[in-house]
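So that you can tell them apart, the chains are marked A, B, C and D in the order they are listed, and the count of residues begins at 1 in each.
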Amino acid sequence: MKTFTTEHRVIYGDTDPFNVVYYANYFDFFERGRTEMFRELGVTYKEVSSMGVYLPVSETYCKYHKPAQYDDLLVIETRLAYVKRVSIKFEYRIYVKNSDELLVAGYTVHGFVNKDRKLVRVPEDIYNRVKDLLPLEEEGK
Amino acid sequence: MKTFTTEHRVIYGDTDPFNVVYYANYFDFFERGRTEMFRELGVTYKEVSSMGVYLPVSETYCKYHKPAQYDDLLVIETRLAYVKRVSIKFEYRIYVKNSDELLVAGYTVHGFVNKDRKLVRVPEDIYNRVKDLLPLEEEGK
Amino acid sequence: MKTFTTEHRVIYGDTDPFNVVYYANYFDFFERGRTEMFRELGVTYKEVSSMGVYLPVSETYCKYHKPAQYDDLLVIETRLAYVKRVSIKFEYRIYVKNSDELLVAGYTVHGFVNKDRKLVRVPEDIYNRVKDLLPLEEEGK
Amino acid sequence: MKTFTTEHRVIYGDTDPFNVVYYANYFDFFERGRTEMFRELGVTYKEVSSMGVYLPVSETYCKYHKPAQYDDLLVIETRLAYVKRVSIKFEYRIYVKNSDELLVAGYTVHGFVNKDRKLVRVPEDIYNRVKDLLPLEEEGK
């Protein structure tokens, strides 16, 4: 299963009085992860938008194992969990760089919608770019 | 099941290019909800901290039904789902004021920990304040 | 000089490891202040936008006197400093409720622009609503 | 005058309904800039904190020339404006990578304080690391 990685340095703006990243801010890191995954696949979110297709989050989850601290250099691992006719799911795992201790793990589910927020079928171009990331039996289209 | 409510006016700082609240920001609203619930129960998060007990989030989930928009006046409903020996769970539902259409629904699970982030038993005082919010059969202590 | 006030309860999401509000977040409070000022004047930002006029910030400043802390109930005071042909300036002062100790003071300057971000003259309706907030000699139109 | 640079990719979480970076979020980018400047000078903010010295912002300013947009790769340029007995000032300029069009310019002034937020003299080690960044006549100590 192909995994994409991007990095983020924790600043004071990310943290709370316990000197750790505030729980909501990991969802920004998840966005960072999926954005860079798309970029590496050769199509940016911005290009998808310019096709009139958007991927609003319909569901998200995060399990916090160990807190990320101020000034940590985080590695955000993103992988595709599935792509279906009208939805796509990403999974994320965050570590401190050069450590194998898991900090948080979570996922986001997104619908493909048009500008009126009506569900639409995944664009063929997107589907083709991501399908090879999946084991054959998980292709959901 | 007793429900606590608080309000939040959506500002530009909460929103994204789709003119709706950015998905991560609902978790700030959830914090606002549980903070005011505690206050109404007669004990603030700040007072709990001053006992040397903290409630970091161990898990969170959010389902997005319909987006909150710029300038919406949101009502954040919070209720206790359970309180156990070392953990507590809150559930949240967010609406636009004077509407009954659900925008988002989610939950947070928190451990009770000491300043070294070791799990500790829920303080008796907290337990006593929240237990009456639960139906008898759900008291998890 | 008429002053408008709105309130904000400080949550963990607003703070940093020093248990005080992170310096960037006061600008969210400033937005909250000017938004409610407009609402009290009988025209919302949202209505101004629907006229095709927008007020992007062209300049901002903040002086930090004393930090706002976690769980403080803040009072955000907003007043009009000037309104000119193509720009408007607001001033802000933030206190803890029922205290007269100034925490921060700042300002924002905004241009009136159309959807292409070209400067436009302040709409007559807006000008009329705000001009009475100014001493006669400061009317800049 | 030596300039330090760091990069930031704009995500949806940074932006507002106008598809541009929300005005408060540039201050996060400024923090990112000065943090990386310190790191390049061989001493991190975290190390300064561990000496019991902190640098809270006492004043900040930003002039917005042209908005940064979603997915822009920003270059944050940071330089030392002065270092005095009890304070330090940084200046920032933000561009889109490989463009010479200025988006925003601003500054932050910081006091050196101890854990009780009392002003203290700049630590010798910090002073020595930064003083060579200044033209001789601007050394303010």
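Structure notes:
Everything below uses one rule, namely that a residue touches a chain if its C-beta (ideal position, glycine included) is under 8 Å from a C-beta of that chain, and two chains touch if they have at least 3 such contacts.
Note that the coordinates shown come from a computational prediction; the quantities given were computed from them, not determined experimentally.
Residues touching across the chain B-chain C interface largely coincide between the two copies, over half of the numbers being common to both. For chain pairs A-D and A-B, the one joined by more C-beta pairs in contact is A-B. Most remote from chain C, judged by the distance between CA-atom centroids, is A. Centre-to-centre separation between chain A and chain C, using Cα means, comes to 35 Å. With each centre defined as the average position of its C-alpha atoms, the distance from chain A to chain D rounds to 29 Å. Spacing of chain A relative to chain B, judged by their CA centroids, is 24 angstrom. In chain D, the residues touching two or more other chains are 12-13, 18, 24, 27-28, 31, 70. Taken as a graph of touching chains, this assembly is complete, with every chain in contact with every other. By the touch criterion stated above, chain C contacts chain B in their complex at residues 9, 11-13, 27-28, 31-32, 35-36, 44-46, 70-71. Interface of chain B with chain A (complex): residues 18, 20, 23-25, 27-28, 31, 54, 56-64, 67, 108, 117. Looking at the complex, you find that chain D touches chain B at residues 12-13, 15-19, 22, 24, 70.
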